[in-house]
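Next come two complexes, and both contain chain A; in the first it sits with chain B, in the second with chain C.
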Partner chain A sequence: MDENKNNSVERERCPTGIDGLDNILNGGIPRGNTILFTGSCGTGKTTLSLEFLVHGALADENSLFISVTESSDKLTQNVIPYDFFEESLIKKGKLVFVDMPIIYERLGLTNVEFSLEDVDILVRAIGNLVDELSIKRLVIDSITSVCYRLKTEEKIREFILKIGKTLSTRGCTSMLISEISPSADRYSLYGVEEAIADGIVLMGNMERRGDLLRTLQVVKMRGTTHSRAKYVLDLTPAGVLLVPLLKGGGG
Partner chain B sequence: MTDKTSIGIAELDRSLMNGVPKGYTILVTGAPGTGVELFAKQFAAAGIGSENVTYFSTTEGDEDVKKAMEEFGWEQDIRVVNIGKMYYEKVLAKNLEVSKYRQEGLKMRDILQFKMSQIDQTMDINFLTTLTYGISKLKPPFRIVLDSLDFFLEYYEEGDVLSAMRTIKAHTQLNEGIALVTMLKGVFSNRIESGVQDIVDVTIELERLREGSEFKRNILIRKVRNHPEKTKILSCVIDDKGISAKSL
Partner chain C sequence: MIKSPGDLAEELRELPPSSAINLKISGDSYFDAIRGIVDIFAPKKDLDVIYITVAIPSHSIIDVLKILEIDLSRIYFVDCVSHTMIGGAKKHDNVYYVESPTMLENIMLKVEYLVRKTSERNNVIVLDAINALGIHNNVNILSEFLHIMLNNLRAQDAYSIVFTMDDTATEDTNNMMGLVCDLNISIGSDG
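For the complex of A and B:
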C-alpha cells in the first residue's frame, strides 16, 4: 500500500506476542497490515490467531474475533487452557467474539451469493464494530467461508481490498484465516486473496520420521524485512512455540 | 356423498344443487369492489353451528374479519388463522429491521441481542406449507375459507400453489368438508386462473357493471363439476344483510 514510505521510515509494529513469530518479523506485524494466514486444516491457524488476540487484549489493545464457521461459545473454550489467558479479558470487553452468521442475519445477507452491495454493507458493518469497540486487532476465521458466498474473483477482490482499507485506516492489525488444501500450489483458495493481502503466512503439515510436524513460514510481509525460512510450530499450554526447521540453515 | 351444505346465499344454493355437496371446493373470483371478501365471510357464517369454521386470512386481521361479520349481523363463532400477520411478523418486520441495519450499520448490542440458536428459527418459513399443514389437521365436519389465494400466488411458485390447492381439495373431499378459496380476477396469468379453476368443483365470479349512474351486480356460476347445465347468471344485491341473489 505505501511501500515507498516504508523503505525509509520504520513502521510501528504490532507484536503478536508469539516470540518466535515476532523474531521472524523483526518485532511484529507492521501495524495496520492485513495478513493472510493460510494453511490446510489442523495446522494451527485458529490457535495462533487466538493467541495473537489474547496477547493484544493483555496489552490493552481491544481485540475482536469474528467466527464464520465455528460458534464463538466453542472457541472461547479453546482459549481457556492457556496459561496466560485471563477470563476477565472477555468480561471487560478486551477480547470480543462475534459470530459472523449473526452479522449476516442482521444485515439480511441470506442469499447464497452476495452482491457487490452486500459486500459493501458487510465491510461497513465490520468497520462500525471496529470503531465502536476501538478494536486494534481483528481476526476473521475464515475468510474462505466468506469467499464462498462471494463466488466471483471480482467480488473477492473488492471484499479483501475494502476490508483491508477499512481496517488499516483504523490502525487495526488483522489476520484473515484462509483454508487451502494441502496439495494446493497457491496460498489461497481463489488465488485473489493472496495477491491483495499485505502479508502471507503459510502454515502446513510436514511428515518427518513418522511424526507430523506443524510448520510456519512467512512468505510475504509488506513494511518489514523478515526471514522466509520454515519453522516448526509447537502448540503448548504456554502458547505457540517456534523453532527453525533446519538448525544453522541460511534463512 | 349426498349431504349438502349451504353456501350462505339462498338463491345461489337453489341454482346449484340445493346447496353444495360436502367435499366440494369452491372458487370465488372478482375484481376489487365486487364483494369477494364479503362473500367469503357470509360463507363462513353459514357454517357456524353445524361445522367447524376456519378462516385463513392473508390481509385482514382477526378482529377485522369478525367485526365485518358483526356489522352484517352474522355470528362470529369462527377460528381465524391470520397468515398475513404471521407473514408480517416473520418476514416483513425482519426486512424492516434488516433495512435499518443495512442503512445505519451494526452496533455490538444488535449482535448481542441475537443468539446463534435463533438463526434456524428465522429461516424462511414456507407459509404455503403452514397453510396446508393447518388444513390437514382440521377435523370434520369442517368449513375452510381461504381469503385469499392471491397472497400465495404472489410469493410462491405457481406450481407449488396449485399443488397446495390439490392437497386442500383432496383433504376436503376425503373428509367431506367444504372449502372456499378467493382469488382476484385478471391479476394472474390465464394459466394460473385455469389451473385453479380446473382443480375446484365450483367457480363463482362476482361481477359489477356500470349502467348509467348505477352499478349492476351479477353472480356468475361459471363452473359446476359434471353439471355444465347449471352454469348461469344471477342478479346480485348487496345490502346491510349481506349478499343476496335473484334469478334473472
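For the complex of A and C:
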C-alpha cells in the first residue's frame, strides 16, 4: 500500500460503484479529484468510465459524459447492457451525454488549433455545464482528442490545470480518458496530463503465454492510500469485475 | 471411503457453508460424485451449482446429466476446455467459456460473475478437476489461484468442492490440496 500523507483528515470518497476498484482505493476516488484513465485501445476505459457514471446516477449524483470522438448515440448502443442500468436515468437527466463537437460549434471554436483564449472559453463552458446540470461526476472521452487541438505543452498544461480546478471547486469527481499506444513508456500522449492529474489509473492488455489479459493498475491517487498491484478485469453485464493478477511464484 | 452419491451428499450436508473440500475420486466413481453433488446435495441445500469444467467439455457433462434426468436449470458451467477444441464451444444459455485453462484469472472472474448473477441463493462451486488444470499450469500459479479463489468463495459463504482424480494425483498436487482445502473426502468403489 502506498502511504499518501497529504491530508491528515480522511477525505470524502466518491465510490465508483465498481467493487474491485473501490477496494483498491480504500473506498473510492477522493471526491473532487481529476483522474487520468489511460491505456491503449480495447482495454475497457470507456466501459469502466460509463459504469462510474451509471453508478453515480443511480446514487442520485448527476453524471455527465462528454464524448469527443464518438457520437453519444453510437456510444450508448455499443455499451454493455448492464443488469443495473435504467433507461430512466437518461430521461430524468441524471445521466447526460454531450458531444464535444457540438460544444465546439456552439462556442465558435472552429480553428484546428486552439489559442489560450479558446482554452479559457472551453473550460468556462464546461464549468457552466457542470453548474447548470449540478454535475457531480464527469467523464471526458478522450482528453487526448482535446489535446490534439491544443498542440503545445503550454496550452495542454493550462487546459488540464484549469479544468481540474474548475471541476474540483465544484466538488465534481472526474475521469479524463487518455489514449496511449500499447508500447508507450509514459501515461499520456503528451506527457503533461499525467503530471497534473490527481490520479493515474493505467489500463492495459498483458500477454502471458499467448493469452491476452485486460489489466488495471492504480499508479497514483492523491488523498488516499491505495494498492499499486496489477489486477485482471472482465467486462460483464454485472459491471467491471477485478481479480488480482496471479504471479505464479514470482515468475 | 464413501461409496454412493447419497452418502456423499449426506457427508457434505454435515459441513457448514464456506467449506472447501478436496474430493478424491478413485475408480469409476466420477459420475457418482457428480450425481451426489448436483442432484442430491445442491437441491437439498437449495444451492445453485457453478461447475468449472477442465477435464471434459461442458456439453459432455450436460449430455450425461440429461441422461440421468438431472434438472439443469440451476447448474451454470464455466467451460475451460471447449475453446481449445476446434468447433467445441457451442452456445448454451448456462455455459460461460474461458478461452484456455491457462487463463486462471478469467476462471475466477467468470465464477465471480456467476456468484453475483445467482445472488438470491447460496452456491456450491465444483472444480473438475485439479489434475486437468495441472496439465496446463505449474504448481506455483495453481496454488496461488486456488488460495485466492477458495478464500473469495469462503467470504461469500459458498461451498467449494475440488475434484482430485486419485489415480493420477502427484505428490505436489496432494500437498497443495492439503494446504488450501479444509477437508479431504474420498469416494470410490475399492475401499
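Quick note on the criterion: the second predicted complex is superposed on the first by the 237 of 251 C-alpha atoms of A that agree within 3 Å, B and C clash if a C-alpha of one lies under 4 Å from a C-alpha of the other, contacts with A are read in each partner's own complex, and residues count from 1 in each chain.
The working rule: a contact is a pair of C-beta atoms (placed from the backbone, for glycine too) under 8 Å apart; a residue touches a chain by one contact, two chains touch by 3 or more.
Remember, it's a predicted structure, so these values are computed and weren't measured experimentally.
Asker: Please indicate which partner A:P244 is in contact with in the superposed arrangement: first for chain B, second for chain C, both, or neither.
Answerer: second
Asker: For A:I121, is the partner it touches chain B (first), chain C (second), both, or none of the two (neither)?
Answerer: It touches chain B, and chain C stays clear.
Asker: For A:V79, using the defined touch cut-off, is the partner it touches chain B, chain C, both, or neither? Pick first, second, both or neither.
Answerer: A:V79 sits against neither chain B nor chain C.
Asker: With the two structures laid over each other on chain A, which partner does A:I103 touch: chain B (first), chain C (second), both, or neither?
Answerer: The answer is first: A:I103 touches chain B but not chain C.
Asker: After lining up the shared chain so the two structures overlap, which partner does A:L138 touch, if you call chain B first and chain C second: first, second, both or neither?
Answerer: In the superposed model, A:L138 contacts neither chain B nor chain C.
Asker: Using the touch definition from the top, say if A:L129 reaches chain B (first), chain C (second), both or neither.
Answerer: First partner only, chain B.
Asker: Does any part of chain A touch chain B in one structure and chain C in the other, and if so which residues?
Answerer: Comparing the two interfaces on chain A, one with chain B and one with chain C, no residues are shared.
Asker: Which residues of chain C touch chain A in their complex?
Answerer: Those in contact with chain A are residues 99-100, 102-106, 108-110, 112-113, 116-117, 138, 140-141, 144-145, 148, 152.
Asker: Okay, in this complex, where on chain A does chain B touch?
Answerer: Residues in contact with chain B: 71-73, 96, 98-99, 101-103, 105-108, 110, 121, 124-125, 127-129, 132-133.
Asker: Spell out the residues on chain B that touch chain A in their complex, using ranges where they run on.
Answerer: 94-95, 97-99, 101-102, 105-108, 110-111, 114, 116, 118-119, 122, 124
Asker: Going by the contact rule at the top, pick out the chain A residues touching chain C in the complex.
Answerer: By the definition above, chain A touches chain C via 208-211, 213, 232-234, 236, 238, 241, 243-249, 251.
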